[in-house]
Amino acid sequence: MRIKLINPNTTASMTELMGEAARAVAAPGTEVVLATSRSGAASIEGHYDEALSVLGTIDEILEGSVADAYVIGCFGDPGLLAAREITGAPVLGIAEAAMHAATFVATSFSIVTTLERTRVISEQLVNNYGMQNHCRRVRATNVPVLELEKPGSSARAIILDECEEALRDDRAEAIVLGCAGMADLAKYLEERLHVPVIDGVAAAIKFAEAIVGMRLRTSKVGDLAYPLPKPYLGKLSGYAPAKLFPASERERTACMAIRRS
Amino acid sequence: MRIKLINPNTTASMTELMGEAARAVAAPGTEVVLATSRSGAASIEGHYDEALSVLGTIDEILEGSVADAYVIGCFGDPGLLAAREITGAPVLGIAEAAMHAATFVATSFSIVTTLERTRVISEQLVNNYGMQNHCRRVRATNVPVLELEKPGSSARAIILDECEEALRDDRAEAIVLGCAGMADLAKYLEERLHVPVIDGVAAAIKFAEAIVGMRLRTSKVGDLAYPLPKPYLGKLSGYAPAKLFPASERERTACMAIRRS
Amino acid sequence: MRIKLINPNTTASMTELMGEAARAVAAPGTEVVLATSRSGAASIEGHYDEALSVLGTIDEILEGSVADAYVIGCFGDPGLLAAREITGAPVLGIAEAAMHAATFVATSFSIVTTLERTRVISEQLVNNYGMQNHCRRVRATNVPVLELEKPGSSARAIILDECEEALRDDRAEAIVLGCAGMADLAKYLEERLHVPVIDGVAAAIKFAEAIVGMRLRTSKVGDLAYPLPKPYLGKLSGYAPAKLFPASERERTACMAIRRS
Amino acid sequence: MRIKLINPNTTASMTELMGEAARAVAAPGTEVVLATSRSGAASIEGHYDEALSVLGTIDEILEGSVADAYVIGCFGDPGLLAAREITGAPVLGIAEAAMHAATFVATSFSIVTTLERTRVISEQLVNNYGMQNHCRRVRATNVPVLELEKPGSSARAIILDECEEALRDDRAEAIVLGCAGMADLAKYLEERLHVPVIDGVAAAIKFAEAIVGMRLRTSKVGDLAYPLPKPYLGKLSGYAPAKLFPASERERTACMAIRRS
Amino acid sequence: MRIKLINPNTTASMTELMGEAARAVAAPGTEVVLATSRSGAASIEGHYDEALSVLGTIDEILEGSVADAYVIGCFGDPGLLAAREITGAPVLGIAEAAMHAATFVATSFSIVTTLERTRVISEQLVNNYGMQNHCRRVRATNVPVLELEKPGSSARAIILDECEEALRDDRAEAIVLGCAGMADLAKYLEERLHVPVIDGVAAAIKFAEAIVGMRLRTSKVGDLAYPLPKPYLGKLSGYAPAKLFPASERERTACMAIRRS
Amino acid sequence: MRIKLINPNTTASMTELMGEAARAVAAPGTEVVLATSRSGAASIEGHYDEALSVLGTIDEILEGSVADAYVIGCFGDPGLLAAREITGAPVLGIAEAAMHAATFVATSFSIVTTLERTRVISEQLVNNYGMQNHCRRVRATNVPVLELEKPGSSARAIILDECEEALRDDRAEAIVLGCAGMADLAKYLEERLHVPVIDGVAAAIKFAEAIVGMRLRTSKVGDLAYPLPKPYLGKLSGYAPAKLFPASERERTACMAIRRS
């Protein structure tokens, strides 16, 4: 099985870090293909960065060899539903994967994320995913995304402190890491906190394997059906659905079978 | 006061239709500037179309002469929070404006929209805006967006039928039109239905005037602060915040005062 | 356009203060007519004060010259739905107007109100208006309503302190003032807090202009239809609907048109 | 124990009907005192009727001999929180009592009420009381309140039909009667429907006995504390709290003890 | 009337304590029959203890003389819906009774319970019973259940402290005691706190009297109908519904009448 | 990896059916160990059946060789939290697994279950798991659990019909099968419906593999910590925590590490 792990941040070193986390948990038969977005922000830290990251994610899904599933490696799950429209293969976000995983091993969790300004984004995801009764609180550390990978940074210590506060003050029973750039911290934190610490990259890879293993594919009835054919203008003219998904293929994929057996 | 009404759909005739609705309600001192997105889908009918429409909307906010407020003329309110990040001027979506207006004149409403596949998008907005207790139901007519403006189309009759069902079966007390392309239908429907029929374009123009009249500007504390300076790569390198919002201006705008007077 | 701003508190000096806030934002063609309730509490600070204030508000809507819209100037929005029943003209509450305005310029806000005992009332409005995900917290200052206008009072300083706590501890991105008597504080606070500070009186005046400008009138289908004719006894016999709304007028108003063109 | 059952509708025959339902369930030591409001609508069927009914309810609580508990006999629970402010004795509404009772004997219920226009009022109560997961649906029969007691009326048959639809289509497991004027229908309906049919008048009387039996009194900390002393003007000057609740008594009642033993 | 008060904890001294609280409030004609579960945990402090307590509760309902109502005396309301299936007599839990009682005398309350680990259980009940807007917070004292009845224990002082924090920090207007073992503390606390303090045992006894007094019985349509006849294996073979509820009796009870007159 | 799939229904043929579904999706290195509960109902179809099934599930977790994860094979997820208390290994319910899986491949789903009386149980799970915005409706077919495996039964046709109604009337985009006994229907239905059809047994096996693959174990901080040592009486005396989990082991497991590496 081939899972394409797309980093919507355009920083390749971060992709490597995510790739390590992914390969550490991938099953023997799983090939994790790494892709770094070729357009957009070096680090995604807000609505604007997120909105502009979707283009690069779409490029990675439409180009290159086909994958059995895709993972979007940014905790805001930017472009998740748009990505699900353009392929029948399952697409998972790391925030949804991490939160779902947390509910399997704990009754409550807190999210520890980077900047104060991204806290609202996480809170909106908590609502969208129906996690209001499970998520105790979203906590911002004010550690910038790219600071996470700098050698000598105090990021680890700050994040550990915040997690300890979450356990003590929120009565959280597990920690969800609120940034793809924290993927390498799960083990470090778990050894010190003695509660489950969930990294969304690992969770999304494993759940993608699970969904593919169930032979489930994205529903093509309703809002996730392939985009309707229509003209696209200007610098996005290349993204017109008719060019990307010839009718025959759209129909074939839609009818052919969701379950491939 | 200058309000820029941006059509994220790249179909200019639709912009004209929206412009008529806007100018019909604009106050004497209000100049409505029309802009049709120069990149993206001819009509926005899904998550993919929406996600790709944000680029064109951002272009229209960043380029050209400055406006006192912006209106995003698509019922999915695509890119609303991203747009609010990049300017201190108020930015309104037509879906939020329509729903808020409806609650001022009716205890409940139903939304009548275009395609079945966009229904989910409207339902998610209903949740995001806290309208669950006011919105009885979102109803899809399966009339495509661009069909709305075709002469001889049966779109009007179909929409009228659906509205009548909403009044009868949902016990809706008002109708919210779920597409910018329906902006010219409000009067026609209201004369036949005898309940308030709310077009989001008109509502957003009037509420934009109201917000500007209150001298309110978008909060620059928290998630709507200007994007942080950082590199942007590839075909989006021109969107790097540092290029668009020099630090001095960012700070000036942020500190200068929200209330201008 | 004539907007009647009704102060349900029977303190005329408070009406003047609200009137100043209203006229400061009213559009050139808008005449703001002030009315102080002639019966009930000098200041509304609880469920009992609120319930008894509705009579005076109804009197002001039914008597005197007709207005194009009405604003109820008390943050509990007392009698709002009853008032909407007895006229086709839009009726706005200042709490709903303030909260809706806040969501147009900030993703989150806190309400700063007067007495601890009114906090519950504001919290119930937050729920009724679907603002649970936007409103971070309702904060009571324990400043009585009438203390607000006393010269030499420490009210301003106390309220400023509470707002600063809201920004720091609630991570609020905007402040909603929880009392009509605070209408003159918005500018003072905004200059010090550098976030939007929303006064409901100004918001309701501007949104009333907007709703009238859209030619929307209150839905007369459902719970906001004119009261049914029936006997009223005792000291309220004068409020019998049949006396106030002759059938012909009721029908005429209902059928005649919601949209007046 | 003396329970005062107040009918906020000014129709005495309806009070008698409610009194019969009350006395049929009252415990041996309970004296049910009946009171018909002396001001306001003959029948309460909307927000306006409700708002104006509160005055008469307050009169009945403040005048006459003291009761151990009060019941407000209208399914909209009009003025409930205001009434709780002005006495330490428990005050119960029949809608809240009926819904709470229903949850003790069934996992779900539907409410069958009178006019379409009162449906919204019931739906708002369902939300206020947290009954969204228990209440399947509010059903209006369009039988006017006063029609219920007319001999030869088809009201019974219509209501029975609506209940049967509720069992079949809503999968309700119990019926809550949505009007005080239906108090005499519970037995008739239960014999035909074979599910619990809950009349709020009976429920409120029994729960009032229960609360008094627990020696619980209304909390005087927070929003239900006695109204603050302040001037009341005009035709409501007699309702000024200082006249009604001398400070000594207020303090005495508040301090004296909630639990009287 | 005979009410059977079942203590699902297998500690008889605790049953006595609950019995005293019950008899202190029971009406003259009410016989409170005490039963201590004969199988399971000495004290219920978690999901596992709760799950295993249900067997003993079922035994007490199925054996011995018939009661008019049953009360399950553990704040987690373990097995409540299962118990409702196996009898037509009303079954009440003390947590639901306490929370419902609290809403009749206060707009908000906090729950003060025993161990941190049971907090989640109380929070889930708050959600299940729709009390999210009424319950300010669930507070754990870390006092073990059996510590409550030990002479010389500091439990009382710790609980009083926690209640005072609830009033001050949560702005609670009433206290709900979160453990059957606290039944004797209500008076002690109320005298010191001057707000309603609700013990679920007393509340459930009084509400059981009320429900029986209304002649309501558990709905046998839907999920609370008698268990379907089917084989039961192994050590639970004696619990097969067919043995316990002969078809004739099941039908008789179901049809016979919910209202016994 | 060894996953123990426990059928809380005591019907062995049903376990075989579930085992086939499990093995069809299990990864190469996964050993699925089947266990049929040895005590309780032949088929679980209500609260009573569920409550009594927990004993058998606990037996299967405590006895026999240790597993890396456990799956509870009944759509009501009976005893899930109790089971999580008594082992550090992950425990998954098939209802939660199925619903979580559905959200990864569709924006909305409907649940098709067996008897009307189990519908409420599924609806409560939908709420507990935060799936209210994803689950369109729970649909009962009134096919008894054991009818599902009878040769010549019309169960398949009835369920297919109900699924088609769900797609048409609920606008569901996926189907969740609401009974472990339907595990063999997923492929049959998917081929006819052309939308994802999710069987919880397969989903739980794959998610259990995923959670184990992430090296996550159940949080032992908070409500899922090992049961506290205390006496257990009567026929359940063998379930006393001290006997089952010697302190040393409890501590060792708790401290040792959640992440085993």
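By letter and in written order, the chains are A, B, C, D, E and F; residue numbering begins at 1 in each of them.
One rule holds for everything that comes next: a residue touches a chain if its C-beta (ideal position, glycine included) is under 8 Å from a C-beta of that chain, and two chains touch if they have at least 3 such contacts.
Computed from a predicted model, the values in this text were never measured in an experiment.
Novice: Could you run down the chains that neighbour chain C and chain D together?
Specialist: For chain C paired with chain D, the chains in contact with each are B, E, in label order.
Novice: Across the interfaces C-E and D-E, which one involves more C-beta pairs in contact?
Specialist: D-E
Novice: Taking the mean of the CA coordinates per chain, how far is chain E from chain F in Å?
Specialist: 28
Novice: Could you grab the centroid distance between chain B and chain E? Build each centroid from C-alpha atoms only and quote it in angstrom.
Specialist: 52
Novice: Would you give the residues of chain C that are in contact with at least 2 other chains, written as numbers and ranges?
Specialist: 81, 84, 107-108, 116, 119-120, 127-128, 133, 171, 222-224
Novice: Let me make sure I understand the interfaces: which chain pairs count as touching?
Specialist: Here the touching pairs of chains are A-B, A-C, A-E, A-F, B-C, B-D, B-F, C-D, C-E, D-E, D-F, E-F.
Novice: For the complex, give me every residue of chain A touching chain E.
Specialist: 107-108, 133, 171
Novice: Touching chain D in the complex: which residues of chain E?
Specialist: 25, 27-29, 81, 90, 92, 96, 100-101, 103-108, 128-134, 167, 171, 173-174, 186-187, 190-191, 194-196, 198, 202-203, 206-207, 209-211, 213-224, 254-255, 257-259, 261
Novice: Hey, which residues of chain F end up touching chain D in the complex?
Specialist: Interface residues on chain F, with respect to chain D: 116, 119-120, 123, 127.
Novice: Where on chain D is chain C touching in the complex?
Specialist: 10, 37-43, 45-52, 54-56, 58, 79, 81-82, 84-86, 116-121, 124, 127-128, 144, 146, 222-225, 227-228, 230-237, 239-241
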